[in-house]
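Below are two complexes that have subunit A in common, paired first with subunit B and then with subunit C.
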Partner chain A sequence: MNIVGIAACTVGIAHTYIAQEKLENAAKKAGHEIAIETQGTIGTENELTAEQIADAHVVILAIDVKISNRERFEGKRIIEVPTEVAVKSPNKLIEKVEKIFEQSNQEREGK
Partner chain B sequence: MEIDNIVDLETIKTNMHAKSKDDALKELAELLLQNEYISDINGFMTDIYEREAEGQTGIGNYIAIPHGKSNFVKEIGVAIGINEEEIPWETLDGNGVKGVILFAVGNDNEGSQNHLKLLSLFARKLGNDEVVEKLLQSKNPEDVKEAFGQ
Partner chain C sequence: MNDNSFYQVYFNCKLETKEEVHNFISNIVCQNNSSIKEEIVNQLIRREEAGSTLIAEHVMLPHIESDHVKKSQIIFIRLAKPIVTWDYQIEDICLLIVLLLKRNESEEIKKKISLFTRTLADEEYLNRLLNSKERYNFEQEIITI
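Moving on, here comes the complex of A and B:
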């Protein structure tokens, strides 16, 4: 599965980057491709490319604040959680993302 | 650019015996003051507590990351404390805290992009279980620095 996402916390100094690291590690461990953009005090880093977004099956938004350029994900399957969910239980979050992905595929096939 | 540059041996304290969050924060803020990262302890602490009030800074795995932006910060930096006993703290996993990483960041970061970048790379390391495990076992400041060097 290809995952893209954004991490952004209130102060933009710590949780943003911890969430990024945890999500990337959890997704890779489960065998997925992942790219997480961070929007913090320093600004946007690891900015997602249009191609990465187009190829993504799922978008994870681990955010506590309003993010910029959210419209890039229009029409995508988006899972939004506070950063602390990504920090606390990244593996569970990835499992949940996998389930949502499978379910929506089944629904699509059922039609 | 090396993360090493953000980890200052002078602002690391191991074998700490803080009994409370307030003790730990004061002890670490004192280090920041002595090494000229901040200009005033009380002012800085007020800003840190403002962030504490917004939500848990205990990220689980016995680690807390108190932080906030403060006008009393002269230079971006971190103070790191490794406490012998668990300190009661609001945490995501309900456990106490043994490793406290106090971030000092100013409100005006014009010209500090390099330091902010380093700080973000440093914060990222705290999301890595191996780094955290090594950090908590540190017996001296050099061990702490080595933990982040991984």
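Moving on, here comes the complex of A and C:
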């Protein structure tokens, strides 16, 4: 599965970067491709490319604040959680993403 | 650990409640002005209300950005005894890693702090800090950027 996402927290110095690390590690461990953009106090880092977004099956938004350029994900399957979910339970979050992805695939095949 | 004031360690700190921790942090920011100290405490409380700063079992990451912070710092507070009840959800806190960010801090320092916070995603690293019983060992474990 290809995953892209954004991490952004209130102060933009702590949870943003821990969430990014944890999501990337959890997704890679589960065998997925992942790229997480951070929108923190430094500004935008690891900015997602149009190609990465186009290829993504799922978008994870681990955010506590309004983010920039959200419209890039229009039409994509979006899973939005507070950053603390990504920080505390990244593996469970990736499992949930996998389930949602499988369910929507089954629904699509059933049509 | 080098004598580097960017990182500060308070080992075996005898703080017993969340309030004592907040007061301790506010004292680090400002020792003399009670209204500034109150503001710092309120900022810490507001940050926690916005979302838990618990980053792993037994470890919290209080952090603020403030005009009153004169020098950005990373502060390790290793408690002498765990705080059994932090609030109605969080218990058994042994280690606090406090980020104090000066308002309008330079890009360079912000990047340094963000690289440091990324290291906190490693639970084995946090466990090593939690399991260090002596100040020297604790300081040796700290990953400085």
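By our rule, the second predicted complex is superposed on the first by the 111 of 111 C-alpha atoms of A that agree within 3 Å, B and C clash if a C-alpha of one lies under 4 Å from a C-alpha of the other, contacts with A are read in each partner's own complex, and residues count from 1 in each chain.
Assume contacts are C-beta pairs under 8 Å (C-beta built on N, C-alpha and C of every residue); 3 or more make two chains touch, one makes a residue touch a chain.
Only a predicted model underlies this, so the values are computations on that prediction, with no experimental measurement involved.
A.B. asks: Put the two structures on top of each other at subunit A: do subunit B and subunit C fit, or clash?
C.D. replies: Clash.
A.B. asks: Is A:78 touching the first partner subunit B, the second partner subunit C, both, or neither of them?
C.D. replies: neither
A.B. asks: Looking at the overlay, what does A:22 touch: subunit B (first), subunit C (second), both, or neither?
C.D. replies: Both partners.
A.B. asks: Once the shared chain is lined up, is A:40 touching subunit B (first), subunit C (second), both, or neither of them?
C.D. replies: The answer is both, since A:40 touches subunit B and subunit C.
A.B. asks: Looking at A:54 after the superposition, I want to know if it touches subunit B, subunit C, both of them or none. Which is it: first, second, both, neither?
C.D. replies: neither
A.B. asks: Looking at the overlay, does A:14 come into contact with subunit B only (first), subunit C only (second), both, or neither?
C.D. replies: After superposition on chain A, A:14 lies in contact with both partners, subunit B and subunit C.
A.B. asks: I'd like to check the shared interface: which positions of subunit A are touched by both subunit B and subunit C across the two complexes?
C.D. replies: 10-11, 13-18, 20-22, 25, 38, 40-42, 84, 87-88
A.B. asks: Could you list, by residue number, the parts of subunit C that touch subunit A in their complex?
C.D. replies: Interface residues on the subunit C side: 47, 50-56, 61, 63-65, 99, 101, 105, 107, 110-111, 113-114, 117-118, 120-122.
A.B. asks: Which stretch or stretches of subunit B touch subunit A in the complex?
C.D. replies: 51, 54-56, 59-60, 65, 67-69, 92-93, 103, 105, 109, 113, 116-117, 119-121, 123-128
A.B. asks: For the complex, give me every residue of subunit A touching subunit B.
C.D. replies: Subunit A reaches subunit B through residues 10-11, 13-22, 25, 38, 40-42, 45, 84, 87-88.
A.B. asks: For the complex, which residues does subunit A have touching subunit C?
C.D. replies: Contacts found on subunit A: 9-11, 13-18, 20-22, 25, 38, 40-42, 64, 82-84, 87-88.
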